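Here come two complexes built around subunit A, the first alongside subunit B, the second alongside subunit C.
What follows is the complex of A and B.
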């Protein structure tokens, strides 16, 4: 793994350094791609990241469907490359917590733990986070058997029996990684069928130590100090079973990171930002890119496309605005 | 500023864990000296971490034997006196 260079102490930023042409919120594939494009348009660009560089993609062990990498690429390596590419063209990245945004008016303002920043345009690429199930045992056993990151926590489950919740592409892809460590996997899926890419379904079916509980609901995660079992309900007949497992990895979809935009942007019923085909949001000069917006397919490939479009729209907006200022 | 050594800090991490990298970067940025234990490299380190912290997920930061789960910046700041 390459050891990337993080920005110097954020406190080094002087006041004059706090005004930008474009501020991009989020340093995942969408945000980093936006930054490559805005920087190459010679727009003074700041990326503000609250969590980790690369976002959710960084915790994906192997990305096999991103073009240009026939053998697949680790999410961390791919996003490290995007980060370096954006910085090469002049984008600045700071790692800090965003407390508040003011998206109205000609000057957009972002308040963070490391000061107040402003820009002519904002691109929101804050992505989404793994959705919780909110069932008994989930919160209490977080880090004690319950995990949302296979690449992080798989080594703790060597030769153990575990459960994976969700048979979408994330659940199956991560199961295939977990099988390098675990003794067996019980895959629990609410729907009567898997929804993962067909190629992943074919691969997982070949494992004799994988057992499927399709059309089952996870009701609770049980144990004393650590996870010892899960209770699942067969949705067809309504009976419960207790499955002994020492770990549970949960992949049941995503929730958008849009809390700080509530009330200032138009969101859909699930909290995703609504944007038009040019990725303009309900507020002028504010654009949305990647997993954070309402869309049908959330992939690295679609996020980078969004990033490019949002950057282009932001540039058009700034140029149009400059000429009328 | 000298690197801080007044607290005993251990970071339990794995190689491909983005939040582990984030927490280590934060400690380095604040010039905190810490021991980095990669639990993916050997089972005994993982078992030791589970025994000492009752956690089976990374990152865990042990500050003077007190485990902090994940990148809990407010708690890390408080225990290490980072302002």
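What follows is the complex of A and C.
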């Protein structure tokens, strides 16, 4: 028989059950790792997830650089394992929309669609979302040829010519997946060179049906009902070209999911949370882990490390508080 | 699906032959196979077209939990918005199995159907039914279609989905 677990019922949480030692916002690799560590420290732990358990990693078809998986591992399998591991040690996960937080004081408060929860410490692991380009046509053609999720939407572009915007690791990794479906790919990159991991660069260069437009800016996405072409500008000579494509996948970086923390926490100019080496934020008892914080490398491997450190710091904070109370 | 019956003796599975058992197919208004009807003692208007693989298996598990508990988790505000639906509405939610955002939209739409008997929800695995997907111009999932007209893409909180539903009814 399969190991089938019914989802936790948010309504089961009575008022007395809404007080926790630690609340973790976000159930991606950072949040789930934090939960494994806090639960094993016997801290009563709640994870609140608004979107997808597994976060951005969940939509990655194959993760090849996470240690311990020589053949690679699907984002779904990896994060599902993390979820099960956190629940095994007692963490509770609920799916609900977080409306508001109050991070000041000894009890931190989180208001959600399913009621109000409080905790002694909070770990913010809300991650980041794909960044929009905000160019003409992008909004209009969302769902009509513009996509940010190759694993979700690739089959709709079978035997089509498409464009991929961004030659970082995400753009190239997802292009390699899209090539299983599409006829050809035009890769548009603002910089004069790819920034993807070298191993990915070597792989993509082997495909004859991939054309590179390095040092080019995407100016607009064009069409009537559906995407029909993109306009790119050669940054060196300043000339425009119209490339016929019926789909555009955009991988131009990430924007942090920090809207509800504006005004409560110190953020950098791009909105990422600033935390010290122990992942303490500007507010006492509030910690940040994973893609949501200011850092140089956003990967599952670094998110997991953050999760462990933030959990340890939260534990130290709670124990320190207890001894002084 | 038969493995699901092992989790509880309250979960039963009945397999219907689409070609042979025309009466039943008509009764449940099944348009094409394979399809799953999720119901209690009565028809709740929940249909799943295709094989619920990948992330979509969680949609089925979630729905069985919802039916088993005979209750649905929605905020008062969402209930209020759904109470404005007085006429029959059909929600189609197009999904693909590797899409991690899709179950959120699918489960919301099932909850709406459970909460209001005027609402019927069909989840459609877009890859398995390319003709239907083309008919509704599905190029990204989750894609939600209201009464075969108004549509939008993405997984949103229940309240925003309910707003879109009301907008779609017009």
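The rule is short, and it goes like this: the second predicted complex is superposed on the first by the 318 of 325 C-alpha atoms of A that agree within 3 Å, B and C clash if a C-alpha of one lies under 4 Å from a C-alpha of the other, contacts with A are read in each partner's own complex, and residues count from 1 in each chain.
Note that in this section contacts are C-beta pairs under 8 Å (C-beta built on N, C-alpha and C of every residue); 3 or more make two chains touch, one makes a residue touch a chain.
Because the structure is a prediction, the values reported are computed rather than measured.
Participant: Fit or clash for subunit B plus subunit C once both are placed on subunit A?
Facilitator: They clash.
Participant: After lining up the shared chain so the two structures overlap, which partner does A:87 touch, if you call subunit B first and subunit C second: first, second, both or neither?
Facilitator: After superposing on A, A:87 lies clear of both subunit B and subunit C.
Participant: Pick one for A:50: touches subunit B only (first), subunit C only (second), both, or neither.
Facilitator: So A:50 only meets subunit C here.
Participant: One more residue to check, A:291. First (subunit B), second (subunit C), both or neither?
Facilitator: Neither partner.
Participant: Figure out whether A:59 sits in contact with subunit B (first) or subunit C (second), or with both, or with neither.
Facilitator: Touch status of A:59: both partners.
Participant: Quick one: classify A:189 as touching subunit B (first), subunit C (second), both or neither.
Facilitator: Touch partners of A:189: none, neither subunit B nor subunit C.
Participant: Can you pull the subunit A residues that subunit B and subunit C both touch?
Facilitator: Shared contact residues on subunit A: 1, 6, 9, 51-54, 58-59, 61, 76, 95, 97, 142-147, 149, 151-153, 155-157, 225-226, 247.
Participant: Touching residues of subunit A toward subunit C in the complex: what are they?
Facilitator: Against subunit C, subunit A makes touches at 1-2, 4-7, 9-11, 50-54, 58-59, 61, 75-76, 95, 97, 113-114, 142-147, 149, 151-153, 155-157, 225-226, 247.
Participant: Touching residues of subunit A toward subunit B in the complex: what are they?
Facilitator: For this pair, the touching residues of subunit A are 1, 6, 9, 51-54, 58-59, 61, 74, 76, 95, 97, 142-147, 149, 151-158, 225-226, 247.
Participant: Under the definition above, what is the set of subunit C residues touching subunit A in their complex?
Facilitator: Going through subunit C, the ones touching subunit A are 3-4, 6-7, 54-55, 58, 61-62, 64-65, 68-69, 71, 73, 75, 96, 98-102, 104, 126-127, 133, 137-141, 143, 152-155, 157-159.
Participant: For a test of understanding, state which residues of subunit B touch subunit A in their complex under the given definition.
Facilitator: Where subunit B meets subunit A, its residues are 14-22, 25-26, 29, 39-40, 43, 46, 50, 54-58, 60, 69-70, 73.
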